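Two complexes follow with chain A in common, the first pairing it with chain B and the second with chain C.
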Partner chain A sequence: MTTRRRHRFPHWRGDVATAALLLAVLFPFFYLIQLSFRPKEDIFAGGLLFTPTLEHYGALWHGNFPFSFVNSVVTAASATALALLFGVPAAYALSRASFRGSRRIGLWILVTRMAPPIAFTIPLFITFRFLGLHDTRTGLVIVYLTFSLALVIWMMKPFFDAVPRELEEAAAIDGCGTWTTFLTITLPLTAPGLAATAVICFIQSWNDFFFALILTRTQASTAPVAIVGFIQYAGWEWGRMAAAGTLVMMPVVVFSVLVRKYLVRGLAAGSVKG
Partner chain B sequence: MTVVPAGPAWTDRRDRDLVLGLAPALVVLALLTVTPGVYLVLTSLTPLNLAVPGSEWDFSQPLGNYAGMFEDPRFVHSVGVQAQLSIASVVLQLLIGLGVALLLHPNTPIRQLARSWMLVPMVLPPIVVGITWLALFTVDISPIHRFLAWMGLPMPPLLTNPSTALWAIVFAGTWQHFPFTMLMALAALQMVPESPIEAARIDGANRWQIFRHVRLPFIAPTLAVAGLFVLIDSVKAFPLIFIMTDGGPGEVTEVTNFYVYRQAFTFSLWGYGSAIAVLMMAGVFALSWVIDRITTPNDGRWS
Partner chain C sequence: MSTVSLEGVWKRFGEVVAVRDVDLNLPHGGLTVFLGPSGCGKTTTLRMIAGLESASEGRILIGERDVTFLDPKDRNIAMVFQNYALYPHKTVAENLGFGLKIRGVAAADIAARVASASRLLGLAELLERRPKQLSGGQMQRVALGRALVRDAEVFLLDEPLSNLDAKLRVQMREEIYKLHRRIGKSMIYVTHDQVEAMTLADRIVIMRDGVVQQVGSPLEIFDRPANVYVASFIGSPEMNLLDLRRAGGTLAGSNCTVEAPPGLAAAPDAALKVGIRPDHVVVLPASEAGSASGWLDVDVCEQLGTTTLMIGGFDGQRLRVLTPRSNARPGDRLAVRLPADRLHLFDDDSGERIA
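Here is the complex of A and B:
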């Protein structure tokens, strides 16, 4: 059957179209990377060939960018760790619970994922100024929990659903409590899902621009916000912008290739734009 | 201590344990989402302006912000811009996502490779998408502009022209988000059973007829959900507009989300900004409810 179909519709034309389309789609991505290696005097010339330089990366290294980059790493990693700590047991409980209301909780979590960030930002901005959390990493981590906690619960529940209950019942007969069973039997079986969830959670916080723009100023500003600084500079620091952009996107691209199988589920939860 | 499982006592104890696991997350989630939500609704009933002392708890005209909204031409304008952006995003992303999915659906090595690499735009940080397209739309350095000029078809700058700026943003946004609808469509196409396709083929249906009468009805519910997701996300549009046009030229790319940001964080009109944000929340909640309704009967189909 498959051979006959191949025979009917020769697939090489589709393959050529695929290759061409892929190159076109990835063109902006490669364009930014090459821009970051272009010598300053060459940026407006635009020939295909140029001698690559690290001058823009060097300039970043000597500026404030490493500081913002570290802020990004610390806040995204902390938010991910906290979201896993609270979210994983909750996802397991929702997966196994026989009590009423668990469906309603699921809907609440979906809604949290969907809500426009601006709706959280206004009250949180006022509260943070009052509590002294404005422009602190702690404040940013708290904000990132608004979406990453819901994401962890949303992503981990199906992994737990897939673990057969018979395995847990056997452990329960041996006298293990609910959470001992969970830690020794269920959690190790879902390790790949847990890793993918952690990565997607990290990416979502790492990619955030909106919250960091509003809730930080100088002390806790993250790498995406630092890039905006190059736009507002007079004279358009294209090379530096491209280098910073490349540094910010590289971890994301590497991570997402690692977990591409699980990306859909994470992003279907309504990725937070901003 | 011996525990006898499966009895009602065991189930009760287990449920109690599970509640203990669920409670901390629910408390944190409630603190982080319900509290700000309630606070947002409260501030939307006040003329809160941080520069005006005492405006915080002034509930003398609770619906003043809501009443004023429809007499505010800039707000009404932002809703119009939002509608254009949302409709264009949904239509373009569905069409392009579905088209690419149909192209990548057959299993050949290069198409399998493309299925992974096509996802790159979707995972990039929005700020990076913004600066990339800002560069590509800047005449001085953009290879696209240079190429078109070389072809003898010079393109005027799109971002500074009021009649094209919004479409340049829609274009960049579509590039960023089409992989999402593509993934949903691909997943749905893989679920279409082979037998009706084969039957249609034997009856002499051509490729278009097979798509139109066999595949499309099967994947339509998934596409509807994907469209709703795109719609919800388009309401949150911000980074691309912030970086590429800053709402301009004039106010032509000022969507509602951006207008709220301006009201609250530029003009300090927190009460008014909150009121618009409350309406946006209500709209997003309604759409989420629709998604929940569509997806519940066969849960997990599209995830």
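Here is the complex of A and C:
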């Protein structure tokens, strides 16, 4: 079967198809990156021959962008950390416990993700104004947390389901209590899933534009919002936008590359036991 | 001296009763086998002793200590799981030492005990491997080793050999036997394999539907099964069970007469289940046909090499007869005698032994 299939589809065809697909997918990224290094004068000039410059990055550094970037890092990282802190034990509990309505609780948690985010903006805006959370990092973290929690719980539950109970029972006999078992046996076994979940969680918060735009003004505005700020009456600052875009993109790329092995395995987990 | 005792232990899962009023007293240092078909409650009973299930009712004692409400970690037990349950992210050495590490034993002490257990089980070369890199037999040894290093009071083994192939199983059975003799700890061993039970046990507990049917040494159970269920469960080929009726000093069927054992405590004319092991049935030469209990119409002849198993009709009922190698053929009619001293008599209603 395998040999026949190989015969019918020679290697080079697959390679060509892969290359074409990659080119199509990656073109916007490369375009953005090269744009960020182009001198202001010939920013839309054709051809790849130009003298790379860091002027746009320099301009960003001296502007307000670093502040927004730090806001992004802090809010996304805090939201991820908190979502894991609360979501992982919740997923474990849902995976292991059999109490009345435990399945329904899982569904209710998912329901929080079903409504379109825009439906929450007005209530959130008014509530945040009332609570003094408007334009604060704390406020953003809270919003991101509500959305990330469901993600963490639903992503981690299958990983915990896949850990055989016997292992935990063996640990119990070996002398572990519930927490020691969880921390020394169960959690290490789900580490790939944890990494994948953390990355997806982080990216989700990091990439958010909508809530950051609505719920922040100056103090807590994040990098994606700051990018829009480069669209001004005086003209669109393409170079800075490209440089900022590249910087915003970088953590996502770096994280994905770091955990890509786990990411693939993580997302495919549950499909085959083992 | 430490023993495991169960006093009136019940286990219910919702409406389902898995274990029903079990009373057991297991002696110190013995190897006790819980034997029964799947779903008979033997594993549940073991898990209750381990503390992995809570008893719905009753008390469990290990030594003098009431452990009914203690966590597994406080019971000082070690357990070998059916699928080994080795920690996949730890090496063999870490798997072996984990229980000690958790209990705060010093690292040097752990290393020494892991080394001695691995020598005992032939694992010395494998200490740095992970479970995935081991064969089934090796995993089994690691699982045993993990229990051994702990120096627990009681060892619980839940069908430890059922995942091994037949040859390895016999080999590991021997090893467990020797191991038990060597360390002299109390072991409780769950299996559905009567051969394992017969060869390993000091004492067998036969269970069915959550109820203990009989407790005794392997030979006691083989020689004097307490009821029809035990009689047919233990022994291979299975014991014959004939429906006969008492008629004075004999047991009669419609077309056979079997001499009853003396002092039979059954009402005259009572219906009885009469058991006899296939190798206890005597095939008579034609010249002694006069003393026959009845006739066997041979349907099937299984040649087993040393012996021949004949299956056929006896008084309209099925009878298995195991004889030294014979050249009987299907269709033969043989005179057979059921010796009175080899009979097991059971009450027809309750199935309990009466003689």
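Keep in mind that, in the parts below, the second predicted complex is superposed on the first by the 247 of 274 C-alpha atoms of A that agree within 3 Å, B and C clash if a C-alpha of one lies under 4 Å from a C-alpha of the other, contacts with A are read in each partner's own complex, and residues count from 1 in each chain.
What we mean here is this: a residue touches a chain if its C-beta (ideal position, glycine included) is under 8 Å from a C-beta of that chain, and two chains touch if they have at least 3 such contacts.
Everything quoted here is computed from the prediction, not taken from an experiment.
A.B. asks: On chain A, which partner's contacts cover more residues, chain B's or chain C's?
C.D. replies: Greater contact footprint in residues on chain A: B.
A.B. asks: First (chain B), second (chain C), both or neither: which does A:G177 touch?
C.D. replies: The answer is both, since A:G177 touches chain B and chain C.
A.B. asks: Is A:G87 contacted by the first partner chain B, the second partner chain C, both or neither?
C.D. replies: Only chain B; A:G87 stays clear of chain C.
A.B. asks: I'd like to know which partner A:E169 touches here: chain B for first, chain C for second, both or neither.
C.D. replies: In the superposed model, A:E169 contacts both chain B and chain C.
A.B. asks: Now for A:I185: first (chain B), second (chain C), both, or neither, which partner does it touch?
C.D. replies: After superposing on A, A:I185 lies in contact with chain C but is clear of chain B.
A.B. asks: Tell me the contact category for A:V254 with respect to chain B and chain C: first, second, both or neither.
C.D. replies: Neither partner.
A.B. asks: Looking at the overlay, what does A:P28 touch: chain B (first), chain C (second), both, or neither?
C.D. replies: A:P28 contacts chain B only, not chain C.
A.B. asks: Please identify the positions on chain A that touch both chain B and chain C, taking each partner from its own complex.
C.D. replies: 169, 172-173, 175, 177
A.B. asks: Quick one: which bits of chain A touch chain B in the complex? Just the residue numbers, please.
C.D. replies: Touch list, chain A to chain B: 1, 9, 11, 14-15, 17-19, 21-22, 25-26, 28-29, 31-32, 35, 43-44, 46, 86-87, 89-90, 92-94, 96-99, 105, 107-112, 114-127, 142, 145-146, 149-150, 153, 158, 169, 172-173, 175, 177-179, 182, 203, 206-207, 209-210, 213-214, 224, 227-228, 231, 238, 241-242, 245, 248-249, 252-253, 256-257, 260, 263-265, 267-268, 270-274.
A.B. asks: List the residues on chain A that touch chain C in their complex, please.
C.D. replies: Listed in rising order, the residues are 164, 166-167, 169-177, 180, 184-185, 188-189.
A.B. asks: Could you please specify the touching residues of chain C with respect to chain A in the complex?
C.D. replies: 50-52, 71-73, 77-79, 81-83, 85-89, 98-99, 102-103, 146, 150
A.B. asks: Which residues of chain B touch chain A in the complex?
C.D. replies: Listed in rising order, the residues of chain B that touch chain A are 1-3, 5-6, 10-11, 13-15, 17-19, 21-22, 24-26, 28-29, 32-33, 35-37, 39-40, 43, 50, 100, 103-104, 106, 108, 110-111, 113-114, 116-128, 131-136, 140-141, 143, 146, 175, 180, 183-184, 187, 194, 198, 207, 229, 232-233, 235-239, 242-243, 257, 260-261, 264-265, 270, 273-274, 277-278, 280-281, 284-285, 287-289, 291-292, 300, 302-303.
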